[in-house]
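To keep things clear, I will list the structure first and then write my remarks on it.
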Amino acid sequence: MTETLPRLGRARAALVRPWLLLAPALAVLAVLLLWPLVRVFLFSLQDYGLREITTGEPNWIGTANYAEILASPELWTVVLPNTVGFAVLSVAGTVAFGTGVAVLLASLGTFWRTVTSSAIMAAWAMPAVTGTYVWVWIFDADRGVFNDVLMGLGLLDDPTNWFTNRWTFYAIVLLNVIHHGFPFVAVTVLAGLLGVPKEMLEAAEMDGAGSFRRFFSIVVPQLRQVFAVVIILSTIWDFKVFAQVYLMPGGAGSNRSVLNLGVWSYVESFGQNRYGFGSAIAVLLTLLLLVVTAVYVRTVLAEEER
Amino acid sequence: MTRAMRRPVVAATGALLLAATTAACGSGGGGTESEGDGTLSVWIMQGTNPDAEDFFADVSTAFEEETGATLDVEFVEWADAHDRFVTSIAGGTTPDVAETGTTWTPEFADAGALAPLDEYVDGAGVTEDLVEGLVEAGTYDEQLYGMPWYAGVRSLVYNTEMFEKAGVEPPTTWAELEEAAAALKEEYPDKIAVAVPGDAEFTVYPWVWGAGGDVATLDGDTWTSGLDSPESQEGIEFWTGLATEGGYSSEGATTWRETDVLDAFAAGDVGMAVMGSWTPGAIVDANADMEGKFAAVPIPGKDGGIAPSVLGGSHLSMFETAEDKDLAFAFIEMMTTGEFAQQWGEQSGYFPGQVSLLDETLKSTDPLVAPFAEQFVDGGASVPAAATYGAVQAKLTTSTMMQSILSGDADVATASKAAAEEMTSILNGSE
Amino acid sequence: MSTTRPLVRPEVSTGRRPLRRSGRRSSRRSPLRQLGKGVLVALLLVFTLFPVYWMLNSSLDAQAGHTSSFWPAEPTLDHYVFVLTEGGFGTFLRNSLLVALGTVLISSALALLASVAVARFRFRMRTQILMLVLIVQMVPLEALVIPLFVQVRDLQLLETLTGLIVVYVALALPFGIWMLRGFVAAVPVELEEAAYLDGASWGRMFWSVLLPLVAPGLVATSIFSFITAWNEFIFAMTMLGGATENYTVAIGLRSFFGVHSNDWGAIMAASTIITVPVMIFFILVQRRLASGLTAGAVKE
């Protein structure tokens, strides 16, 4: 920065000012996100029930909650596979589908692009709670349109309850999450695509590179930043699915085979009054997310500092 | 849209934001903490009495006349009431008085949220007149925390029009029930002959007991769930078999709760179902066409007789957060004794929690009251009276078992064994 | 941060390029390609719009839940009347609007200040703070439910809209900072320098130079904060507890579903009422949203 005003005053201001500007935001983050994170860890080391919450008295039990969680077969056979498997599938699905849509949009004329992106906006705008109920209604066993159509086409003899089977249950959640999540990816990637210099594309074309190769060898490297951001954010959002599972039939705990870490933590806490145990589950979920995303974060910040 | 036009929009939005936020902050503080200033806050479960709003308008008037205090009644859904109680206990935002389901009273008392009532009940001189089963359920650590208010029982409710058309009589044994279901299915292939809901534990226990099994028994200090005994399994096998083998239920019912059964029955889509003594009013309320088109019989035992069914009900409990406890009990007394208690019972189809009032109801010959009364007296049973039973319910142990059987994920033996283990462990608090 | 950054406002660049592109495309328009593209667009439209259509369809059909038909078998507005009167969705909408607008206003202001700090100043711990902002976004909400519940209780804000606004500001803030940072960085430093040369103070420069230039970014972050607050479920469920009069649309819908779980016409009408305002808003601002993402998430 070129200094044109008296050096000393500006230098001091430049030292203090960023902290003044940051102060309100940091205060909010500290009180409402960081301190609660510390607390959830403290709770996880206690047998923390309703009584402890009301009285505020601690009830330390060391790592017993963690020991119980890690020893529970439910964690390894159901909860963890559901959480991780679903996150991987939904991130991959959302990013792949969103990118595909972006490529398609980039090749459309103005009119169709406006129409299609408006439709995408409509999908994006649907709140998770309403979206979930709409999908539940579409797949309703007795009166949902999905079963009706399948039976009308003769593909299905009797109505099937798609919510009771672990795989079909999560297939519906996946559909719901991709439907809600792909617009962000599509819009972001599209913006990036339009920024790729077309000379580069044309040069590649002249070399005789096919469109797939062209895409992966020229466009993707150009958009590394874009993909990094899109993948991080999708991972963050998709690991956190709660309402989309909790509100489905059987999703609130009666169908054990569809539990994920989030719902498990919630039902143990607020259903069983085992806030300590629930907190321990939440801590594990947080650690898992941190590990998964740490790699991406480093990539992004490394680019940043360059 | 041009840039010049866009600016004012942004500015206007900003002004709107500002105005709205100020309003938000202004209206934010008005929670439910209105104690101490002559107002009594009360939570009542929704759906018990179709005329609840009119009823409580009358109660409010009478209460204000008697005590000078105003009543602030909030209606709460059964479905999320438990979580809501728990969060309000944790948050210290409990009402002064609330209707608490009989299985929850010991749990909330255990959390230190409820005030003991013995002193007040003795003072009012009604101790001797309370229905025994409800007193038992409301007692924790030898103190009464839940004032008996009303109780209900589930029986077999059937669609008389469908039964006539199919040419069947209400069943008195399990074999007859299955025949009736088959005949109904034949006549109405698109309807549900018998609804077997997956997420409604109280519709399961009659079959367990009807076959001679137990839900859980107490031996000394230790609870043992009997859901996996051969008798219990036979009952569960019969009940779920109606759906899985007979195909008399529906696929959707696998994830149904009792409210779904009620909705479907009221729509005329169900031949028979295990439903509560309080549902007739709600059925007609939901669909006036159903008036006079359904009736009830006690749930048949395996080879006849009456299968026991859960005596479910509600207490009125006083919370420790109530500042004026005398005022709170004045309300409890007004609700559970005399005119209002009787009127509530009549409107809701529940049996009152006072012996003197109950006797009156039991003499009824109303076809939608008498069969339930018979079930109440001759086939009433209770869920395990443990403070931890609420946790079993919240864990959805029985619903989990039912859903895994109904969806074909597990057979009766496996599912009932898992459920029994889980229930035993939670009941004994050995989590 | 470097002064060599091209002076291109993202919005301008995305607006211009398609024109040049369409010229190129027309030269290689083969019928087969066009057909394939048409099919893809059709499939995409079906996938994105079918749930929306089905929601509208059921909400307008008196027979919804009895027969499934691809257009209203017995058109009616009764479901809407029912939902807005007995369902109480008028109140829920009002509450959600207040909470969302409050969240937008406060979080945008805080995020803007913070983003200026991280984008315009180089100071010790800057990287750590950026890292922090990114990491706190990763924290699953379920992990925060219990401690935040206790926290908000201690502030005596349970069951109030103010309590929700406080929490939502915290949830919306990290993403807001992250996104606005790109916008602030894209504003050429030369413009700031020019303002100083004219004798403006830093505050004056902020208001008259920086703020107008990051306005599109503010719109984009506002939309995100708005959506966060409008859609949020788990905190509203735990913190509003029994205060039905303060329910937001998301838990209002769940509570409605709890009683009328088989009345799909009414549930879909309620869903429509919740969704359509946001949808229209989204479609109207889509260009701004796209440009916001370009500058915020995508750094050229």
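In this document, chain identifiers A, B and C correspond to the written order of the chains, with residue numbering beginning at 1 in each.
Going forward, contacts are C-beta pairs under 8 Å (C-beta built on N, C-alpha and C of every residue); 3 or more make two chains touch, one makes a residue touch a chain.
From a predicted model like this one, the values you see are computed outputs, not experimental measurements.
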Inter-chain pair with the most contacting C-beta pairs: A-C
Of all other chains, the one whose Cα centre sits farthest from chain A: B
Chain A-chain B separation of Cα centroids, rounded to whole Å: 37
Euclidean distance of C-alpha centroids - chain B vs chain C, Å: 39
Inter-chain centre distance, chain A versus chain C - centres from mean C-alpha coordinates, in Å: 15
For chain C, residues that touch 2 or more chains besides their own: 66, 150, 238, 254
Residue numbers of chain B (touch at least two other chains): 83, 87, 90, 92
For chain A, residues that touch 2 or more chains besides their own: 53, 140, 143, 270
Partner chain C, residues of chain B touching it in the complex: 10, 16-18, 20-21, 23-25, 27-32, 43, 46-47, 74-77, 79-80, 83-84, 87-88, 90-93, 95, 257, 259-260, 263-264, 267
For the chain C and chain A complex, residues of the former touching the latter: 10, 13-14, 17-18, 20-22, 24-25, 37, 40-41, 44-45, 47-49, 51-52, 54-55, 58, 65-66, 68, 110-111, 113-114, 116-118, 120-121, 123, 126-127, 129-148, 150-151, 166-167, 169-170, 173-174, 177, 189, 193, 196-197, 202, 227, 230-231, 233-234, 238, 249-250, 253-254, 257, 264, 267-268, 271, 274-275, 278-279, 281-283, 286, 289-291, 293-294, 297-300
Contact set on chain B toward chain A in their complex: 82-83, 86-87, 89-90, 92, 111-113, 198-199, 247, 250-252, 254-255, 391, 394-396, 399-400, 403-404, 406-407, 409, 426, 431
Touching residues (chain side chain A, partner chain C) in the complex: 1-2, 4-5, 13-15, 17-19, 21-22, 24-26, 28-29, 31-37, 39-40, 43, 53, 101, 104, 106-110, 112-113, 115-131, 133-135, 137-138, 140, 143-145, 148, 179, 183-184, 187-188, 190-192, 194-195, 198, 225-226, 229-230, 232-233, 236, 239-240, 242-243, 247, 261-262, 265-266, 269-270, 275, 278-279, 282-283, 285-286, 289-290, 293, 297, 300-301, 304-305
Residues of chain C that touch chain B when the two form their complex: 66, 97-99, 101-102, 104-106, 149-150, 153, 157-163, 165, 215, 219, 237-239, 241-244, 246, 254-255, 258-263
